[in-house]
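The following block contains the structure, expressed as structure tokens.
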Amino acid sequence: MKKIINDVSQVEQEMIQGLVKAHPQYLRRVTDSDVLARAQKKTGKVALISGGGSGHEPAHAGYVGYGMLDAAVPGAVFTSPTPDQVYAGIKDIATDKGVLMVVKNYTGDVMNFEMAADMARDEGIEVEEVVVNDDVAVDGSLYTVGRRGIAGTVFVHKIAGAKAEAGGSLQDVKAVAEKVIANVRSMSMAISPCTVPAAGKPGFEIGADEMEIGIGIHGEPGVRKDTMKNADAIVDELLEKILSDLDYKGSDVAVMINGCGATPLMELYIVNNHVSDVLKNKGINVYKTYVGEFMTSLEMEGFSITLLKLDNETKELLDAQADTPAFKQL
Amino acid sequence: MTDSDKVLNILQKIADAIHENEQFLTDLDAAIGDNDHGINMDKGFQKVATDIPSLSGKDIGSILKRVGMDLVSTVGGSAGPLYGTAFMKAGAVVADKNEIDQEDFVSIMEAGIGGVQLRGKAVKGEKTMLDAMIPAFEAMKASCTAGDDTPSMLKKGVEAAENGVEYTKTIIATKGRASYLGERSIGHQDPGATSFTVILRAISESY
Amino acid sequence: MKKIINDVSQVEQEMIQGLVKAHPQYLRRVTDSDVLARAQKKTGKVALISGGGSGHEPAHAGYVGYGMLDAAVPGAVFTSPTPDQVYAGIKDIATDKGVLMVVKNYTGDVMNFEMAADMARDEGIEVEEVVVNDDVAVDGSLYTVGRRGIAGTVFVHKIAGAKAEAGGSLQDVKAVAEKVIANVRSMSMAISPCTVPAAGKPGFEIGADEMEIGIGIHGEPGVRKDTMKNADAIVDELLEKILSDLDYKGSDVAVMINGCGATPLMELYIVNNHVSDVLKNKGINVYKTYVGEFMTSLEMEGFSITLLKLDNETKELLDAQADTPAFKQL
Amino acid sequence: MTDSDKVLNILQKIADAIHENEQFLTDLDAAIGDNDHGINMDKGFQKVATDIPSLSGKDIGSILKRVGMDLVSTVGGSAGPLYGTAFMKAGAVVADKNEIDQEDFVSIMEAGIGGVQLRGKAVKGEKTMLDAMIPAFEAMKASCTAGDDTPSMLKKGVEAAENGVEYTKTIIATKGRASYLGERSIGHQDPGATSFTVILRAISESY
């Protein structure tokens, strides 16, 4: 394992410190915790908190700021943060309009955030939760833990964050977050694994001519190994899964082409070239496209496609100003 | 009878056993999860080990609760809330006790399983730690009823847990990260079932 | 070579198409060329053009937009664009206030841009040029081709772009660009190479415990191979070279921690953590920090540090609004 | 005497030779440059090859200019403007000629070198294509003065170019990308000097 780090046991701490030193105008570390909150606490609005394991940067600390989150709670790499950390975040940002937790659907994340919510509710803080589950690669049936939350989460941050900034009530903000969740689907693939620093070796092995289809964001193997295909064929496969899960026909969509950490931006644009064509051919109107690294898995090479079906409300909120370290919109 | 000192002693053994198995547990998680189970568990039990001196003299209920809280606040992931709640619930059933007997052991196990199920909402056969815990509990309960002594009861528990781990190789995961793999999870043993077995074996070897 | 592409001979073209499809609100392809220009041509201001080989995304097309460039000319991967392409760009964006070319100091880039400038001048277009040479890894003496242009170029785009947007004359814009160039220094390192698609294999080989110090942005080997060190030690070495080249003591600086393409953002923040500490200890005041991928080398893993010494004028221009696909500032 | 058709014929041979050596030239550039010299040169001469039919019947000056423009507009990088300008300048010295003789060859070489130096501002000994070009030109000029025929003159040119390539292995680059490597450039031959030798050899083998 060759990484630009000092000590595997300190990667999360040094990252948090590096984040605050880089973005003091945006970020503040909540005392005695790992939580990153807005430099200036904003009152009079619903407060949004999200988080999860580290290793997904810029998620989630990169989305703390005007129009998006109020705090992000980073756990150890790929390990959901503990309830006391989440609780420290909730307590710091809580306003009398309440707190919305945006949780990605992983057993650990859900359990830790819910334990924290219980602790906060015991102190009279109003806390609501939404669980993002956009990954169509995995079975969403009742008999499983359901679909995972991946890059689509960033749209939830953006749109629910804008609603909160606009003065929406906790129920309003939660409702629009749930609307986004109901209308967003994603799917990923990877051509190389990643190495959790503390683990010291890659999460999976992959041949020189193989790819993993339907990977999550934790360096875990995908739902299927396949021989490597060209970009257009991969896009076709991912899009087919997404489009057969939700009917996007005739609607306006926001597209996110997300790099997993080591994918050249050039390749993401090559991916977008075909995504855009396919959507057009299928009568789906691309309203806005985001291409870049939004929800990564350390140095994994691969990408995900996210499609969000928009209505007038979500369009307006998506277009609203945002000013955070990793997501700015004028 | 097992007193508080013995419990602390056992906790140290568990911490050592988890530490020895850190890589093994992480490797198991790499195959069907996210490559961190051993790392997380070791972080938690190292914290527990650090706290052992400060727990000297406390009742067993408080000790177990503290272990639970340590795990909840250091492990993270799924294992943190699951094991953490298990230890906290276990602590509750032996609250204020300075000594526990064989039946208490069985109650502790039962309460722990209750904690895991409260948090994780899983049942047997979903390829989780429960597939080692529940058979171990059942074997220990039967052994206790049959009048075995503590060492033999624990040995039977470990055996059942080991069989449970073997069983997890044969089934598809429907809870936890391994569930995302569908069919690909078959053939691999569950990391959480394995870590539970490591813990129970450490306890058993203390008698 | 495993890449998410369709055809090695089409990577540049499909990228250009994917860029325009992703960012129609920002970008337009100049007819019959590979040039990416602002969606709406802006008149009445000095027009800025930059470019170079592809493979450095988001440079340079990602910086086309309000407050930065007017056009970017992408060549083949790591190969400077040809004069006819640059000329097509100049012609498209030229205004009566003139055109400034921002060129990175590589023999090929300089020659191709200057040939294009000559063509444009023959038609009466006023064209000036600045050459960015921020890389202290290489000898800047008169007997060599001089220092290379790397990530510091983005500061030139930002600051000269803001000056042009503010209505500065061609001489003003050129002067402030040259001020930035005189005050900006960078240095890079890499722990993995990258593969030019058409070449099919990595530009250099590197051992499991080795790193390249003083790499350029074209996947070429560095000035020195060394055994891998920890992040802080690497930072110390790069900073020492930078700080001994220009006296930053007591000044306000803008910092850029730039990922080469495959470096996890987590690691860039770990780097920044130490950069920030070292600068503080040396009495250098960090005015603003940028962490991310600004000037990449395909999927190379590594980073560069850039320090720009600021004065009141450059501070104000650095802080000015920008709205481009890859660089937004509110 | 060499007429226009022969020139077109030679250009095709050059394009073929560059194509055959594409990987080799790129590999040389990987070692001390940016891994693209063969790719770029091949792109350029493939364009030239495509244009050959349309050049039939044109005078040699126009043909060479067109080659230069093709190279400038397709090769990119350093080699594009350098070789492009070389061919354009070469074309200028034989403007309107439908046949060229041995002395014209020498003038063409001289003008080409002038073009490379105009653009690249390098001199001999900086580990560039000039280290093959200049010795080749000098050898050809001497051979021409000595009264050799075209084939022997070209052979001597190729030999000198080859020696020039060998010489580039022994020196540090001070121009082009290889200069960034400092001492590390020693031991490697210059890609541009090599591509020039490939070109001159293709010309020589046409006689």
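To keep things simple, chains are lettered A, B, C and D as they appear, and every chain counts its residues starting from 1.
Following the convention adopted for this analysis, contacts are C-beta pairs under 8 Å (C-beta built on N, C-alpha and C of every residue); 3 or more make two chains touch, one makes a residue touch a chain.
Given the structure is predicted, the values throughout are model-derived calculations rather than measurements.
Common neighbours of chain B and chain D under the contact rule above are absent. Rounded to whole angstrom units, the spacing between the C-alpha centres of chain C and chain D is 32. Chain centres here are Cα averages; for chain A and chain C they lie 29 Å apart.
Distance between chain A and chain D, defined via averaged C-alpha coordinates, is recorded as 54 Å. Of all residues in chain C, those touching 2 or more other chains are 77, listed in ascending order. For chain B, the set of residues touching two or more other chains is empty. Under the stated contact rule, the graph of chain-to-chain touches is a line, running from one end chain to the other without closing. Against chain C, the residues of chain A that register as touching in their complex are 2-7, 11, 14-15, 17-19, 21-23, 54-55, 57-58, 62, 77, 191-192, 194, 208-209, 211, 228, 230-232, 234, 255, 257, 261-274, 276-277, 286, 289-293, 296, 298-299, 301-303, 321, 323, 325-326, 328-330. Residue ranges on chain D touching chain C, taken from their complex, read 26, 30-36, 39-40, 43, 72-82, 119-120, 174-177, 179-182, 184.
Interface of chain A with chain B (complex): residues 53, 75-84, 106-108, 111-112, 115, 137-139, 143-145, 148, 196, 198-199, 201, 203-204, 214, 216, 218-221, 223-224.
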